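Labels for the chains are A, B, C, D and E, by order of writing; each one numbers its residues from 1.
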């Protein structure tokens, strides 16, 4: 009867190697929700092949989600640490405003015809502006120990207030035409929008950082059990600070992207950016309780509502019905995903 | 290998240019859904389109938000209508999406609001919001008489160009009435709850408050609620903007002392006229302004044609 | 008799109105196993947390190698070569066993990618298997999160982690409580091996035969205070039990 | 040495009785945050005694927070179960809309002059409408096991969509004058607004339910450790269903109160009601991770931002500065509260 | 020899690719203590979870008093008089000890308020103190949440809870692992008392002397299967160890 014991030991050793790709794929947390996304695209393609399945539709779909995608990359890190960041939308506006004002100042008032030097300065300003708010969030959460929801609720209001003060409550509108044309609407490699390229690169770096590096490992550990992480010698405070800094930094980039895209600081908008980023992350399988999540899931979570909206707009579904349908499909998608996999905690 | 271009131009298989199947199709994109102002505009536009033998479809964003409107406009890019009537939610941000549709062969007519870039649309039909603010101030001055006092201005969300213009026009005109002084422009985030709270606070902090100018429906509703709460209905003059059914109702009940009505149906009608003219190669007019009307309780019935509709 | 490596003097620890430690002292020596025993709620785990930086004592002094140290975080304690198996294990339940074993001490990849922070997951997994085998642990799959392991398997991971890294002191708070007969034997062997390397091992256990078999010294805690000390060899079970219940007192309250 | 052992045993037995009131008060989770609220009131009173410390100000302050308070009572239950409800604002609108349409239908189109019979029918309709959405939320969360954030995000959109459909996207405006006059801004007992009375009664019942009954005990248990609650024989599914039902029910009442107060269904508003209720709850010390919380804390959490806004409005603080100041004070208040008490999990 | 009260036949339980149970059988008799022993990861806790409704077996049958039962939830099991001390304790960490003791069985107030669901907290607290005293547990304060108790104190709460309510079967998954010498003795006494009331007690433990001292029968699990059964009185320690490691096999795989 010692034979089976050996048997098991062997399979144990065997399983320290990776299981076959097919199995890993189906077992992957993101497999089923990815199926939902593919199904949605297939359905809309079938309903409106001439309109939906066009290069232009996908170009605009991708462009429209680029800014949200960048925000959601940061949000994924934050939520995996079991935090939350409500301030991303306001920080985005703030960063865009600082960038806009900087570019205006450097071009003596009207930045519409500014060149790449000024634009680069604007980018730096946006990123710094975002990073500062990230640092403030991180400090208050990690060092002062205030709940993330309250901190980022506070900075959400404060960042917007400061943005409004900066330009007396109106939008900065003299955005370099060059910026709008190249980053906002330009394409490369035969049709891929530049804005999308930026978002893709950031997402890839984010995925790499989350899933293969020490930084990512610590992010999961802190979210899974902060006390255990601390006792294991991880500098939890410093790590949280970095995570919120990263999120602020990404919100800064998103602010610059938004400025390039809209050629305006759009201060009256972005009120639901935070909720959109959070729900994209959660839809992608990241747990609000922390410790669990994936970047691929977030990407899918960003695209499911985007595809839905695009598809409904194209197929002229009535406005009010659209709201109902989007709500229903979101729930159904996650339900479909959820029943396939067991989770420690459902939320 | 790095060919650069613009979205909707390079490498795009489907050709830009009017789709002949759509040559009788017009599209209207208002600023936000479910607002009597835009519904009335839609009614006017639909009726006119029908008369002229065109078909008009309407798609509105859930909020007065450039991002939401952009995705609607972009969705039209794959199958552009012959002409697009749009109320841009942002005079700058909406430029590129609208240009996309234009590049794909659609004629653009701006209704209600307009882009900063004047070269995109063939025509803009709007009522002058600053002018509306001015009219409101004049109405307020008439209501108050010579009594000295302060006037509170309730704006919606900072950065909303239409209401900002109304507030600014009001404040500017107020300077011509030395007995009235501005208690400042306050933002309500377009929430009645906040408007009510601002009003009740102003009642104590500004004892000489004689009037309130609410720049849209939600702020007006909140202001009326605040006044009702404080038992100050009728004692503080409330001038609202637009003539939505509930505002008209409020005017009848005496909650509002005056309303500044635009003529959305006319904007819609004229917009369609311009669009059709452009399509049929007839001359168009670059800028058209619709009339504004000040309505008080006394001339209520005389002005009933300006009341907004909530369905056609 | 070897040097006193770790010396805690008169530690107190209050949680609100609860006094978990009321002037406890404790000593551990290099190359010896010191058992810390006491009734439930005597304050053993609290003492260990204070000595490993996980909690800060309300008052009292801690000396390491004769110099006073301030263990204001577990990182500080780890830097001084102090490792701990906590009673509540302190593992990240969502991570897999290998990740937990190397938590805070990940192996980077070779070359530039490693410098950028990229981890060598395969290598960590390989080493983890070896470590687990040493303790007699078999896992059906290493892909699962540690939260779904059996109680004993989870405890083994925590034990493996501490002994792999200790250089001066190892605290083990009931390391064998959930272990099977075979695994318990392995851990006791490991404890002896670690001690023989000259490391001070502090063992907390409620299993008196185990305590007697492996310890060089025994200290007894009662209601947050040390009440007795024994040399391992010449101790009788009855004395230990008497000391734990307060029937036998060697030291007076400070 | 057995004397101290006796000693302890005695104090142990002694402490099974309740500690003295003063100690319990200072030890209470809500003590410090309550101090913050009192301090805020004191500061504003000192700055603007003639304006702030008036009956009128407190009357309007209370009225203006009544609706939010009722929503927050429900939210407290939900968050203690470690759930979240984003749909309350939309459900409120839906309930108001259903009530309005019902009253209109019963009075043949124009309900302005309807009597109490019709008004009662409206109340019943509102409550039922709220309860239905609560039930839907509860079913999807408790039975289907979909994360609350996703479910209530979906129903948030869907409930609003249905409300818009009901009346073609416009407000119901013929609200019984009687309702507006009596419940909306009427007072009783020499100056206490009736709307406030309703909110107070609901809050008291909520506090009683949460802190003294089996229902409340189960709410804490489910949030603290759902699996342990299940293994202890608590019907977790049924309990969660009831909690979301309760929240929907309260949102229904809130919808009716809002209708009475504004005399309109205010469909384009209430977009931040959910966030306001959530942040009030969290500010009051309820943990987003569940298992911890109190109704008194929530009440304080509702009033802190309300007092701040009122005070700033009265003292003529500039709008943009107000946003910054409110954000800063919120964070500072919770920080002050937090550093006084240790929490298992900070969020 | 008493009747077989609980009879589990050929249970299997899979967690994804992990097979925790591979056709395990188990029997418990009224008025007897049946020990369930096995190596770490053998599947003991999984078996207990399946028999107490906390998990559903993938396949297999469970008979209680000769009739097949479906334990689709812990509530169902409790209704049949089955109580359990889980290895992971399954307590609500934010509630105080008294609340945990009475969780799911709260005492209502007398009169109308009780009918409305109001609880008699004072009475529950009072009764809790008595129950804890029986097990030799002292708490410095009963106001604190159970999450801040010491390991042994927490375990005692879980034990107290199960023995207070059982009427047919009590499963105890390592109930004494974290207990001090005195408390362990008390729990073993309580186990005997419960058994004498005619209840079937199932004890899981890695402490062989404890197992031998208290059990009437012993069943051994290995890799998810029962491999041996012993009568308590005439068993040698070596046989148990041999069975647990697979060196001694009585039953062939089904």
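Keep this in mind: a residue touches a chain if its C-beta (ideal position, glycine included) is under 8 Å from a C-beta of that chain, and two chains touch if they have at least 3 such contacts.
Just so we're on the same page, UniProt names per chain: A, D = ABC transporter permease; C, E = Monosaccharide ABC transporter ATP-binding protein (CUT2 family).
The structure displayed is predicted, hence computed values, not measured ones.
More inter-chain C-beta contacts link the pair A-B than the other of A-B and B-D.
Greatest centre-to-centre distance from subunit C is found for B, with centres as Cα means. In terms of the distance between Cα centroids, subunit A (ABC transporter permease) is separated most widely from E.
In whole angstrom, the spacing between the mean C-alpha positions of subunit B and subunit E is 70. Here the CA centre of subunit B is 35 Å from the CA centre of subunit D (ABC transporter permease). Computed from the mean C-alpha positions, the centre of subunit A (ABC transporter permease) lies at a distance of 42 Å from the centre of subunit C. Counting partner chains per residue, subunit E has residues 16-17, 138-141, 245 touching two or more of them. Residue numbers of subunit B whose C-beta contacts span two or more other chains: 33-34, 158, 187. For subunit A (ABC transporter permease), residues that reach two or more other chains under the stated contact definition are 8, 19, 164, 169, 271, 319-320, 323. Taken together, the subunit B residues at the contact with subunit D (ABC transporter permease) in this complex read 32-36, 39, 158, 184-187, 189-194, 196-198, 200-205, 217-218, 221-222, 225-226, 228-231, 244-246, 249, 310-311. Contacts from subunit D (ABC transporter permease) toward subunit E in the complex involve residues 8-9, 11-13, 15-16, 19, 208-209, 212-215, 217, 220-221, 223-225, 227-235, 291-292, 344. Residue ranges on subunit A (ABC transporter permease) touching subunit B, taken from their complex, read 50-52, 54-57, 59-61, 63-64, 164, 169-171, 173, 175, 180-182, 184-191, 193-194, 261-271, 309-310, 313-314, 316, 319-320, 323. Residues of subunit D (ABC transporter permease) that touch subunit A (ABC transporter permease) in their complex: 82-84, 86, 140-141, 144-151, 153-158, 160-162, 164-165, 169, 226, 271, 275, 278-279, 282-283, 287-289, 319-324, 326-328, 330-331, 334-335, 338-339, 345-347. Of all residues in subunit C, those touching subunit A (ABC transporter permease) in their complex are 52, 54, 73-75, 78, 84, 86, 89-95, 99, 103-106, 108, 116-119, 121, 125-126, 129, 138-143, 145, 147, 161.
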